[in-house]
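I'd like to ask you about the structure that follows.
First chain written, first letter: the chains are A, B, C, D and E, and each begins at residue 1.
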Amino acid sequence: MGSIWEYANPVKFSRTAGLVLPWVSIGATVTLVVGLVWGFFFTPDDYRQGSTVKIIYLHVPSALMAINVWFMMLVTSLVWLIRRHHVSALAAKAAAPVGIVMTVIALLTGAIWGQPMWGTWWAWDPRLTSFLILFLFYLGYLALWGAIDDPDTAADLTSVLCIVGSVFAVLSRYAVNFWNQGLHQGATLSLDKEENIADVFSTPLYISIAGFVLLFIALVFLRTRTEIQKRRTKALLARERLG
Amino acid sequence: MSLSVHDLTITRGGIPVLEGLNFSLEPGRALILRGPNGVGKTTLLRTVAGLQPPLSGRVDCPPESIAYAAHSDGLKAMLSVTENLNFWSDVFGRKDISAAIQAFDLAALTDRMAGTLSAGQKRRLGLARLLVTGRPIWVLDEPTVSLDTASVRMFADAVRAHLQAGGSALLATHIDLGLSEAEVLDVGPFRAGPNSTVPGGFDEGFL
Amino acid sequence: MISLLIRDLKLAFRAGGGFGLGLAFFLIVTVLVPFGVGPESSLLSKIAPGILWLGALLACLLSLDRILALDWEDGSLDLLATSPLPLEGVVTIKALAHWLTTGLPLTLAAPFFGLLLSLPEPGYPWLVLSLLLGTPALSVIGTFGAALTVGIKRGGLLLSLLVLPFYVPTLIFGAELARRGAEGLATTTPLLMLAGITFGVIALLPFASALVLRVNLR
Amino acid sequence: MISLLIRDLKLAFRAGGGFGLGLAFFLIVTVLVPFGVGPESSLLSKIAPGILWLGALLACLLSLDRILALDWEDGSLDLLATSPLPLEGVVTIKALAHWLTTGLPLTLAAPFFGLLLSLPEPGYPWLVLSLLLGTPALSVIGTFGAALTVGIKRGGLLLSLLVLPFYVPTLIFGAELARRGAEGLATTTPLLMLAGITFGVIALLPFASALVLRVNLR
Amino acid sequence: MSLSVHDLTITRGGIPVLEGLNFSLEPGRALILRGPNGVGKTTLLRTVAGLQPPLSGRVDCPPESIAYAAHSDGLKAMLSVTENLNFWSDVFGRKDISAAIQAFDLAALTDRMAGTLSAGQKRRLGLARLLVTGRPIWVLDEPTVSLDTASVRMFADAVRAHLQAGGSALLATHIDLGLSEAEVLDVGPFRAGPNSTVPGGFDEGFL
């Protein structure tokens, strides 16, 4: 069996991604449709939260993804810095927009949920706040990619940004927890009650989460392939110019 | 203190520009790089100076023996000529700047802010910096831009004195410096072709 | 090293060097806040520690793009990179020079601005202490941001964008320390956290800054 | 003229051009304020209009040094001054390009940021209106400041300092308009004053800007 | 379309640098300014181009007939070669840039961002701008800096074509452009002395 690093070759990766992509896409569509339809239409209303509880099927998966996408970018950034495989850097680049969209979905669904639940669109609850900070990190990361012309330089710089940023993101999380403790006790109660969720709610939730994961994988494969193709076009043009 | 370059391939913007370069520079010698605009002289000098890594091949030279001077002079507009020179001489651990001031005829300008100098005066100051580095190998990119003929001669004299003191110089230039003892290397023939075989060029992992 | 520090300080004091501008900016932000939020002094004294910290942070932020970009533009950075100074030392010195010309004066002047915003009496020593502990971190983190964006023309805004999220923990603990001090609450935790962040950042971040600077120079 | 506008907009949208950064900066300032002053939403909603205006003003301020300094550095400004375009036209176009890439997006995005600071319900239309009326003045005044400081290397901080006092009337009437709107008070006076300032500034300041620019070029 | 300069005294940093200058430039002629570094050529050209006022004397030339090119090229790094040229051609009200691209051999570079060009290529682009202005009088400050010999020839040809079309050119340079038909004016003798009698120099209202 070949080493996993074989797939670090852009051509090989492209080919493999091309083979896997249709299956992942189908899987993502099926799980998403099943999870969301089940969640939205075939679960009973919650006795306290009414039908608004159903937004959980978007909110929780997207929130989970938002964090995990950053984590994946952290790993691929490290791989790029250590082993200098272009695919790795491009995968990080491809994942970032998906991550920021997930963050926005989590924030928006949270806000929509918060309106009936807490009577406000936004509160400076520690968890919400650290999500907003995550959003800022994504924003800076994307802005840096956008501002630099040379792809390898951009890959290096964004990788370092991602790694240092992760440390600071964790720090911020603690800082925010500390900051809002003294003032807003109990505001977090409305979160953190996974244990209370009954099975009727949780099965579609798990399916929905799986759907988001598959969707993310499909998008990252697709976008990484596009990035590879872009680089390839550029390389071909450059070679042509020399000839 | 000799510099040698083995089978060097250099890239700019991800594209190989020069390949298969081999040359060496012994103490006391000067080598002038020639070649049309855009062939890659600047890129080569930056690679030799260690500012960018080569794509393949290697540059052999004792670390910290190179004094590099590029298109921009690294002058601070709000420091006087003396302060500018003193700063670089401190950084490189030497103290005396009067030889440098004399060699480039800056005595009349010592108290002027560098920002108020004319183009050629700035360049002279930039070149005077080389003398205060005390480094043996000079790597210079178009050093005589904006200089009048008298100053070009002054520069050639400074290079000659440097060579006599056992230093060496690698220069890229388009004009005649009057350095008859220098060897000339035309880098034109080393231009990288489209079927360059060096691995890593053209992002060819992507092809 | 010392000569680099001296040069940077000298440049900061020369015409156009920007010394004192941070202070002036701080002053103006402090003055503008009452215009923006209205003049009620009870409201102002409540938000004073936070606003003072924010003002200091913004004043710091605005001067970040001078740390490295000037040297990049005139080619000094290339020359420094080929000089005997290690790049880690260069970025540390740059951060130090920035702190001496921005953070330190801000810290010393903060009590006067506190008066303008009717900061409660017991808050003053805590305000100064928190700024003294926190502003070095701002300079060091800012130098990292400056190194990241040094190749970008007039990257000031991008720089701010990148750096601000990194400032969040420092701001939170700093402002919290000042506020708790002003309200007479326990201050140990934020004090320790703030000191921890500052020392950690000073010890580690220069390596990252030198790394990205090297990437940008090539 | 049109081609200058198109070029400036194109540059703003290219890599490193800085479009959207103003917005991001605005967002960050809005987020940082609660970190500084604490998360109580009653307190925040009270200072929201002022803080939002301050944030917009700062985002504007930070991008001012791109208006003319880039063109100065690469020599375009010399060339434009010797071109058939009148310098008054050049500075007007520059201000317009700045507003289109900074002020307008800020105005459109302000309601979302209002949510973060729990701006009271009736305040939203007034906030947008006040920004729509006020930000053009910020761009025009900013261009004047940029013209004043164009010869100074990395004059960003000095520029901010010069411009801030000029921004005070706009800030006062703008924030006042937004606050009165939010609190349901009469809004006619600040509305008229704000509109007056903006139109006056647009009509007259470009001449002053062109004048100082000419002085700086020689 | 002729340019003439009468009894001109120019200052830099409040100090007169050249005084008593008289020359004129007829259509079809080129005038090369020579002089040692720091004598005041750049200052003179800026005055002629109308960027700074003379201390005394006057510059006679039809307004809006001068195309000025200085040390910096006014290129936008993030615009392509074509976009850069198109912009200036729009500003000056002309449309066609292909002649300019051809004259300076930029055809291979049209889609490249100006920021990625080499020093000489940038300079060629900066010079190509002159052709799209359609202005009759060229005022050029060291136009051939960084150019290789082939490009210098290209530039000389462009100047020659411009002269033949009834234009004229005022150039400051230190190197030989191969423009044998151009007159040469050495500005050295016009260097302002300390007992310059021109009123206003040295801020002598304060003396």
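Going forward, a residue touches a chain if its C-beta (ideal position, glycine included) is under 8 Å from a C-beta of that chain, and two chains touch if they have at least 3 such contacts.
Given the structure is predicted, the values throughout are model-derived calculations rather than measurements.
Visitor: Considering only mean CA positions as chain centres, point out the chain farthest from chain E.
Guide: A
Visitor: Could you tell me between which two chains the number of C-beta pairs in contact is largest?
Guide: C-D
Visitor: Using only Cα atoms to place each chain's centre, name the chain farthest from chain D.
Guide: So the farthest one, by centre of C-alpha atoms, is B.
Visitor: Based only on mean CA positions, could you tell me how far chain C sits from chain E in angstrom?
Guide: 45
Visitor: Approximately how many whole Å separate the CA-defined centres of chain A and chain E?
Guide: Here the centre of chain E sits 56 Å away from the centre of chain A.
Visitor: For chain A and chain C, what's the span in angstrom between their mean Cα positions?
Guide: Using C-alpha averages as centres, the distance is 32 Å.
Visitor: Any idea how many Å lie between the Cα centroids of chain D and chain E?
Guide: That gives a centre separation of 37 Å.
Visitor: Send over the residues of chain A in touch with two or more other chains.
Guide: Where chain A meets two or more other chains at a single residue, that happens at 133, 136, 139-140, 143, 147-149, 179.
Visitor: Got the chain C residues that touch at least 2 other chains?
Guide: Only 16, 73, 152-153, 155, 158, 161, 164-165, 168, 172, 218 qualify.
Visitor: Got the chain B residues that touch at least 2 other chains?
Guide: In chain B, 13, 71, 77 touch at least two other chains.
Visitor: Once bound in the complex, which stretches of chain B touch chain C?
Guide: 46, 49-53, 64, 66-79, 83, 86-88, 90-93, 129, 133
Visitor: Spell out the residues on chain C that touch chain A in their complex, using ranges where they run on.
Guide: 144, 148-149, 151-152, 155, 158, 161-162, 164-166, 168-169, 172-173, 176, 185, 189-190, 193, 197, 205, 208, 211-212, 215-216, 218
Visitor: What part of chain B is in contact with chain A in the complex they form?
Guide: Checking each residue of chain B against chain A gives 13-15, 192-195, 202-207.
Visitor: If we count contacts the way the header does, which residues on chain A are in touch with chain D in the complex?
Guide: Per the touch definition, chain A meets chain D at residues 111, 120-124, 129, 132-133, 136, 139-140, 143, 146-149, 179-180, 183-184.
Visitor: Can you check the complex and tell me which residues of chain D touch chain C?
Guide: 16, 18, 21-22, 24-25, 28-29, 32-33, 35-38, 43, 46-47, 49-51, 53-54, 57-58, 62-63, 65-66, 69-70, 73, 152-158, 160-161, 164-165, 167-168, 171-172, 175, 179
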